[in-house]
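Next, two complexes with chain A in common: one pairs it with chain B, the other with chain C.
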Partner chain A sequence: MKPIANNEASKRTLLAVGSFLLPLLVWCLVSYVPFIWHPKVEVTVPGGIDYFQAGMLVDQTQFADETDYAREQGLALPSGVPANPIYLPAPHQVAQAFYTGFAKQPVQKDAPWLHESLWHSIQIIFWGFVLSSIVGVPLGILAGTYASLGRLTEPFVEYFRYLPAPAFGALAVAILGIYDGPKIAIIVIGTLFQQVLIVANTTRKLEATIIEAARTLGTRGFRLLTRVVVPGILPDLYRDQRILLGWAWTYLIVAELIGTSSGITWYITQQARYQHFDNVYAAIMIIGIIGFGTDLILARLGRRLFPWDRSQDRR
Partner chain B sequence: MNLKHLGSTMKRLLTRVILPATAAVAFSAHAAQPLKIGYSDWPGWVAWQVAIDKGWFKEAGVPVNFEWFDYTASMDAFSASKIDAVTMTNGDALVTGAAGGKSVMVMLTDYSNGNDMIIGKPGVRSLKALKGKKVAVEMGFVEHLLLLNGLKKAGMKESDVTLVNAKTNEMPQMLASGDVAAVGAWQPIAGQAIKAVPGARPIYTSADEPGLIYDVLAVNPASAKQRKADWVKVVKVWDRVVKYINDPKTQPDAVKIMSARVGVSPETYLPLLKGTKLLSLDEARKIYVKGDGFKTLQGSTKISDQFNVANDVYKAAQDVDSYLDASFTNAK
Partner chain C sequence: MNPETSYLDQSEEVRARFERINQRETILEVRGLGKRYRSAQGEVEALSGIDFSVRRREFVCVIGPSGCGKSTLIRILAGLDHHTSGEALLDGSRIKGPGQDRGMVFQGYSLFPWLTVKKNVMFGPQMNGRGRDEAEHDAMMWLDLVGLERFADAYPHQLSGGMRQRVAIARALVNQPRILLMDEPFGALDAQTRAKMQTHLIDIWRNIDITVLFITHDLDEAIYLADRILVLKAHPGEVQEIIEVPVPRPRSPEQFNSPEFRATKARLEQLIHPAPEPESEDEQRVKPHLIRFTDVHDNVE
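Entry: the complex of A and B
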């Protein structure tokens, strides 16, 4: 049995690495192989075309037109190399931006380092998620256990989850100020309503016979929840929370645009405004790495906490 | 606990805890609370960074707290009374005021001097060439006003072109698509549009009509009244900022500070600064007078008001004069 299991594990790791390498390979191909995509021409020598400048990106057809024009007029011919639009930087540019982002001290006095901005964002997510869970998890469990409470709360929650959380930004600022309060509120609004429904659903999946048995044996009220329902759904609840944490991350960018500019979003939007897309992609990837990294750790922890639950094994 | 009991508890909580607390906060605000000012990414406002970094507010003896925002978010925060003042255009001061966030423009920071532009696609060299064509602008915003102003000067009407409504941020892509003959955008987005579509050129800019768009420091009326002396000090600091930026000897240092604030290199930032005419106090005093047309703040703001009403930005005309108070700028 043992060697096969080992074999399985190494195969799985290989596939996991491959799932990252494949998209990277596609990205490299698109970036480095000149005849794949490359709809633009980067001018290297402007020649006789008055508005061309070295480093300018021009459409291929336009470049051809202007070259023909230069030939007809007997002007110096421009030259250039195939290039991608500015919106798609090459992998090595992003890697470099990634490095300098962390290593370089910010030019502005008192400006936060990239890791400080990032830490600020992580705190926003953390508090948003904790606050949402404090309300969402108990409410979800109650709604899942008691049918009448479920019917009272879930239709509204179901309705509310479709409302766009960022649209409450101005209201959140009016109530909670301009700093972290409204940002955390947006994360909560974005996460809470999904959380209630998902947790309630998970609770309902607990086998009815278990609850029946507990009731028959005289368990009622609070004890039914703490001794039967919660222990019964704990592994699934844990997995739900993992998924919901990822959900919270997706609200970060809109949340941080509300109130004063801060965190990683400030970095991303500002760099995008001045078209430094290498920095933008580097920052986006950092978010991915943190999110994915946290989830890996939580998954591993889940296997430790709930060794009897086979579904925790699946990543 | 019955409902009545709950009600009286709430009332007690209100009178014993919350009201005294708010009173205390309001009282201490009188003492030495820093003035909270929201600013955002426009050269005329980033200029404040020079004074912040150099510690000039401390020297002037006025406690301030500058908070960096996205432009729209800064106006939201001002409307919600979370900050005492905000940097915005005179037109947006009216828009914000119509929605309840009334303000007093205590001073002018600058006017756009080329940073706002209508950009024609390759081959389009003048506004006249736009007749019967599509033009993309963000309706109700300054570029829309700029276009109308230009068309009028060229002897044309709004109906001579087909307006396409689009977000200013997306103008580079709009122009690149080739579906429209021209787009309206401000810097740095305008620069991106020109760079993205080689051969595209500005055909009408705010430099052709200086004063179309004034940028101001708009203050919450209550704060303007209660802390007038402090605001006058802030206005004085501005004069020092303008001198520092305009002096060729100190300009490189100023540009370094400003470009660092927005996260670009000084070389990238310099052209944006050139498209903005920063106003010293002396220059501002000549504009902050009564009069019609774009040469005065009053005239420009009135035109802006008419434009806003005509385009349904808000329903009823605003009392423009209630937004104006030149005494801060004129204070000796």
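Entry: the complex of A and C
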């Protein structure tokens, strides 16, 4: 690579890192600079106020009122430091939660570890996406290749696409029970119909000249599909699948609330119930890290798999 | 230049050559070929009553104004479109669909981007049931002929436009078709590459048993390449004239200024770009109204 291109690349990496650092910086400022926001006061010494306890969070106005009251009554003055509400933990607390989530036994008994919850969620996504793809990809390719099949299937698929997947929750539980079945079903319903349309569209975008060239070279029938259409759309199909996989992740949380709550969603709701918001943030972020991480890996893999497709280079 | 030279005057040599050509067997015979189709504007007659025939190892160019249906004609011959009247015969048998007896080179890049150059050329033989080794052997032979054996393992996107069209020619020829159909194959190339490709194509044609039907809108290209030029006119697409090119072979770029070449070109221009008709009202209405946006003294001419 030329040095200029190299510079370009390192500059791009720098900016990409910056795009993550900027929100982190804002979060740090709000968390660590006492005069930015901090609407609460964390009581350090309760003083003469009988309901104050060390570590308690009270509103600033309330704290001021109580301080005035203590002064009037000649009681010991309470003291405290500015603090943010409990639902906004500081970065270091979330970082710590990350560590304890993986390294230490959960505080509640019989609660799953963070990684156990995650692994369960990943399995749901995996099976949902695989089942959806087994049906959706071939159907999409066929609908995109044969116009009449497309016209026969696509209007219904288009209609079904507008039915919100979570609406099928109760039905899925009635049919598939309360465990993983209905959750996988919701992900399938949420992904499949989009998948058929997107794959059909991608198939239709294949250059007509390429198919015609193959026909003049003696390709006919099914082999036109397997030897020309499928390899021709493969890089775009791969990209579609990457986007759809991201889509499947967005259905995960709703899916996991159906039947018996499970996986990362159960972990999050459980931690929120005990006001362990640092754990909640850690869990939410790890979903993003896994989703984004898989996509990065898949993008890199795509470049290796499809050396002829230059559009894989741009993300 | 001798103003008396007509495109109909043929030297002794050229006349003898046409006699020899006319004694060869007919490869392609088109009789009363027509195509109509329905569009939003109603029934369109794209082609009507096309009659011509092509002899073995003849080089025929088809030329005409845009919309004359020259692309439709070659697509029908390739079996990619259907005609609605008349018939087209290749070696006496009717053309129904695409077949390996006709090779086609498209204007756009029609190479399979996911296959290397070699595998692109192997595609045809493999589709027609040849073994892998045999196909590979043939592919390398044809790549050698177009001078691209060094690029056998490159992908099409790594090649220049001219090289891609060479691969497309090799890919069409490896099936050993009776006729090579070329639909403005050099239309997207720059002038220099185009000239090189024309010379290269003549070299190939000279050395192998192949008949060529070549579509172009470039008059020089048609005269430079063709034995005969089929001139079409538009709306409906009909044969206007079939011109026997009086420029002797072997051809070279120096002949562009010869009297025969100029006379033929003048005739083609007359046929394709007739004296301009008075502008229609519609066209007058869309004439831009130019406003001076620069300083009045700042003249460029």
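Here is the rule we use: the second predicted complex is superposed on the first by the 293 of 315 C-alpha atoms of A that agree within 3 Å, B and C clash if a C-alpha of one lies under 4 Å from a C-alpha of the other, contacts with A are read in each partner's own complex, and residues count from 1 in each chain.
We adopt the following convention: a contact is a pair of C-beta atoms (placed from the backbone, for glycine too) under 8 Å apart; a residue touches a chain by one contact, two chains touch by 3 or more.
Just so we're clear, the structure is a prediction, and the values are computed from it rather than from any experiment.
Of the two partner chains placed by superposition, only chain B is touched by A:R273; chain C is not. Contacts of A:Q93 after superposition: neither chain B nor chain C is touched.
With both structures placed on the common chain, the touch criterion links A:G232 to chain C but leaves chain B unconnected. Looking at the shared chain after the overlay, A:T209 reaches chain C, while chain B stays out of its contact range.
Put simply, more of the residues of chain A are touched by B, taking chain B and chain C as the two choices.
Shared-chain residue A:L57: touches chain B; no touch with chain C. In the superposition on chain A, A:Q108 makes contact with chain B only, not with chain C.
Residues 207, 209-210, 212-219, 223, 227-228, 231-232, 234-235, 306-310 of chain A are the ones that touch chain C when the two sit in their complex. Those residues of chain B whose C-beta lies close enough to touch chain A in the complex are 38, 41, 49, 53, 67-70, 73, 76-77, 79-80, 82-83, 122, 188-189, 192, 195-196, 198-199, 256-257, 259-264, 268.
On chain A, the positions that touch chain B within their shared complex are 51-52, 56-58, 62, 86, 106-109, 111, 169-170, 173-174, 177-178, 257-261, 266-267, 269-271, 273-276.
The part of chain C that touches chain A in the complex is made up of residues 78-80, 97-100, 102-104, 106, 108-115, 123-124, 127-128, 155-157, 168, 171-172, 175.
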